[in-house]
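For reference, the structures are reproduced in the following blocks.
You will see two complexes here that share chain A, one where it goes with chain B and one where it goes with chain C.
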Partner chain A sequence: MKLWHKYIGLILPVLAVAALVAWPFVTGKPANRESAFTILKAVALASSLNILLGYTGYVSFGHIVFYGFGGYIGIYLLTAQEWSLWNAMLAGGLTSGILAFLLGKAILRLRGAYFALATIGVNEAMKAFINNFDLFGGPTGITLNFSVYKAYGGAAQALQTSFYIGAGLALLAVLLSHIVRTSKFGLGLLAIRENEDAAEVMGVVAPNAKTWAYVLSAIIPGMIGVLFFFKNGNVEPHDAFPLHASIELLVMVMLGGQGTVLGPILGAFAYQGMRGYLVTSAFFKNIQLSVSGALLLAIVLFIPAGAIGWLRHRVPMIRRALA
Partner chain B sequence: MTILLSLQGVSKRFGGLQALSNVTFDLPEGQILGLIGPNGAGKTTLFNAINGVYPPEEGRVIFRDKDVTRSKPYDHARMGMARTHQIVQPLNELTVRENVMVGACFGHENQHLGNAARIADEVLEFVGLASRVDQLAGSLNVAQKKRLEMARALAAHPYLLLLDEVLAGLNSSEIDGMIQTVLKIREQGVTIIMIEHVMKAVMNVSDRIIVLDYGQQIAEGSPEEIAKDEKVIEAYLGDPKLAEQLLEEE
Partner chain C sequence: MQQFSLLLTSLPDGILLGFVYGLAAMGLTLIWGVMNVINLSHGPIIALGMFGTFFLFMRAGVNPYVGLIPIAVVGVLLGVLIYVIAVHRVINAPHLSSLLATFSVNMIIIGLGTAALTTSPYNVDFSAGSFKIGPVTLLGTRLIAALVTMLFTGGLYLFLYRTRPGKFIRAVANNRAAAELMGVPSTRILALSFGLGTMLAMVSGALIATFFPFSILAGGSYELKSFVIGVLGGLGNPIGALFGGLILGVIEGIIPAFLETSWVPVIEFALFVLILLVRPSGLFGAKK
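Up next, the complex of A and B:
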């Protein structure tokens, strides 16, 4: 009973991810596997961003930098150094974490809009750097040799494996989000979000806590980056560091409900579902991003706590289940 | 008698304003020190200097035999100093219990979550907020938020507690309740510095009182001594002789 109570906040998020993984198999359509992968990727990225945005209260407009940077490191190691996908993913996650640690020491002393602006700067600076970095192929990027997939049972099998790994990473991101949310470390982060000065007076070592939150929010995006570009077959600067993807992540987290475990998952489902519809519709396909912009505006104006936050507020009974 | 806190020539400027000049005193363990003075006298600034929010430019702050003049507020908290804020600073979107758990978790006892929840419930019972533990802190009224500030500070089980106008805005029965609470805290061995405008309270609970005016210590002593001190009366009530003169002329 007690144990059940402790993990109730985890049940819905894990069920949601499990349903997503099962979806292509139940329907038997390979195209659905690609859609599911896109959503799983969004779940992993949004849940990671939520650790910084939702729990710590720091808005990062350039979070995609960790996805691109980790992806580049991993793909470079895969091709030039012939590392396995596993090791390349670990290396991608780790280097993204280290990048976040160093960045955190430098820019997390900024608050509010200043931090948000700095994160955009970091993303653009990284894009410009990679564009001119010959080891990573400059503007043309790195293309995987087709023979790389042989080690994973051919291209078709490699796609299948990538899907499972993507599911694993999404699950990992959700677990991490839950662990942080329910830990003492997480309580410190929430205190920083609510009032950083008061938190420090109570003994929360805010500079360290913020830096570790940033690191934790960067590792899985780095791994996802390696996986995605492995599956994609190549990596280029504009694919690795698209600013609009950072903003889409913000929309997902805020739409579902920042600061909750379930919120970013729902946000990822809803946003990717909407995006899938918009890019295929004749009218919206070219202005799909302006719809996200309008959506972000509407969320901030009318439901700043997001869907889950709104529900938690209205129905206190289910507060525990919607952690 | 062990000295818990010692201030040696603490001075602080804000631009052209000398907010604190050469404040010096020793605070023995277990005492209640009252800090009074007119608005703008530098009382809250003194608290900020003691707990590291605005480190002083000159002088030293010694807490438990360590120089903490340049330490950060979280270092002070982890060494066993806790404070309340004159302008309440609740963590609005967290529950009352979670607010207090932050104090217990990150104070000098460094409790884990389970213990912190237990301590939070005890402390909230003690300050009379037991019925509100699951409410969001933002939904409390001002008097309750003041009690929450107190509970958060107490949950850290501090050696030194800095109380910044915990009585302001309370009605007289609430003030009596709060005074009893403060006395009970002292019985538990906590040393207290309290900033207060409610004279009845300061005079009753303080072992010693320091009076600040324009950042200077203009008087120091027992409550009886302070009540008779002319400089204090002047700072607070204006010139007493002038008042007498005006009465005579009528």
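Up next, the complex of A and C:
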């Protein structure tokens, strides 16, 4: 394979993230920066989930557990141990990765719907546990002291910095997704998705490969969690482990096209954009959830491969660019 | 000694509640057993059952237990409708498709429900007295609910094992292709199974409405409990679900005597994951 062939699939994803970062500066409105941050967060989370869901074919219904768990660890270290944001983020990502490793060793033996159920169970068990865990503030959670932001040049500057870090994490997630996708390791994951038993016969060590895919898909959500709750100023069990957010991530991946690098990015754009429109529109405001549900249903029933999958199928010419 | 008296009040309560949990889980596990679909619209359907009782009793003055009949009929019809619209096309697709399809039904119901009923709590003001047996006091509503559950379980058992459509359901659950070759109209049987599952969920919701206040979002926690119970009793085993429900009821009855109530979900979900890991076929073994 020629060198440029390997990287052509990266062009559109990177351009999409870059456009998102440039958007608030071009329009010059701070409100747009918040919208852009929400989409960047969704891009990072959906791209991470895609490593497990799209490449490996394991449906994680509770992926948000890594976001919440990493976030809690990071915020705890920030407040109680007075770590810097950078170290707290690294620690959050790392502990999420370790959690995924330990969980993966246990629950990745389950297949299909049993795995999906187990991930829901893990998320709910974690939420209920943190709710009772006094070190992390129990049901009221942890609130950041406002003076924390002083080290980052005041609250306004801290928000700005958070935006850049969020952009960096989104880019990292996209790169990671692309690297996995084009590597031999990723090929093994794709083989597991198609037929796990056949993949094992062909020499893919499925238990290890699945576990590493799970770990890779957990690290960035952990870091994003720390960043988001740092920006947010507090963390509560209810905000950290929302089951519906897990499902929103699945919807994004599904919408754009699972198993592609560009798909989750497109899905994150489309879903957040649609949601923003529905919530603010006078006509749809009250029934926005129903409209989203009906759209989701239509996609699941009629375009199960998602937008990118559908395009790849229809226009073989551009397949390489839509990796 | 104080713990013992606490146990005497909370354990019978938990057990009676466990019956109704079991009824809800029966609906979930029936659908899973017949078509391998995890019905993520289970929670809102339970909530619809609750509102069924609310409107029939509070607005139309129908006795809540008589009201179960129209609620059950609506449940079957609603289930058939959901099956035809959302589930039939993805019945052979990977699990993700059917999970998301039923979840989109969940979103549609919650969205419409929130717009029409808001998310503020409703309450059904109904009492069936209480019974005293020695030191134990049983609430009438819970006792009747447990009886109704037993009635429905018995009815479901008779239906599945003694009637022709019931035998068809078991045949389709066992092997859909072979059943079709034997002349079983599998699509209609699948729709009927989904209808029955939905009916059980709505009836359980209708019963729960007589115990606790509820909102359109209240079904969610019972949906999660149904998952736990389904796995305890073996997914696909409706009778096992009743025992699973009782186990959960006992857990909920015993824990408050020793720990804070907020620890109940921790133990429930830890148990859930544990059972999935060591014995995914459930404590009582699924049919296959």
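Simple rule for what comes next: the second predicted complex is superposed on the first by the 308 of 323 C-alpha atoms of A that agree within 3 Å, B and C clash if a C-alpha of one lies under 4 Å from a C-alpha of the other, contacts with A are read in each partner's own complex, and residues count from 1 in each chain.
Here, contacts are C-beta pairs under 8 Å (C-beta built on N, C-alpha and C of every residue); 3 or more make two chains touch, one makes a residue touch a chain.
None of the values given here were measured: they were computed from a predicted structure.
Measured by the number of chain A residues touched, the leading partner among chain B and chain C is C. By the touch criterion stated above, A:Glu194 is placed in contact with chain B alone, chain C being left untouched. Contacts of A:Ser183 after superposition: chain B is touched, whereas chain C is not reached.
Of the two partner chains, chain C is the only one that A:Asn286 touches; chain B does not reach it.
Of the two partner chains placed by superposition, only chain B is touched by A:Met202; chain C is not. In the superposition on chain A, A:Leu15 makes contact with neither chain B nor chain C.
Of the two partner chains placed around the shared chain by superposition, neither chain B nor chain C is touched by A:Ala151. Residues 32, 36, 38, 85-86, 89-90, 93-97, 99-101, 103-108, 110-112, 114-115, 224, 227-228, 231, 260, 262-263, 265-266, 268-270, 272-273, 276-277, 280 of chain C are the ones touching chain A in the complex. The touching residues of chain A, when paired with chain B in their complex, are 183-184, 187-188, 190-191, 193-195, 197-206, 259. In the complex of the two chains, the chain A residues touching chain C come out as 53, 57, 59, 61, 106-107, 109-110, 112-114, 116-118, 120-122, 124-125, 127-129, 131-132, 139, 247, 250-251, 254, 258, 286-294, 296-297, 300-301, 304. For chain B in complex with chain A, the touching residues are 51, 53, 72-74, 77-78, 82-83, 85, 89-94, 98, 101-103, 105-108, 112-113, 116, 152, 156.
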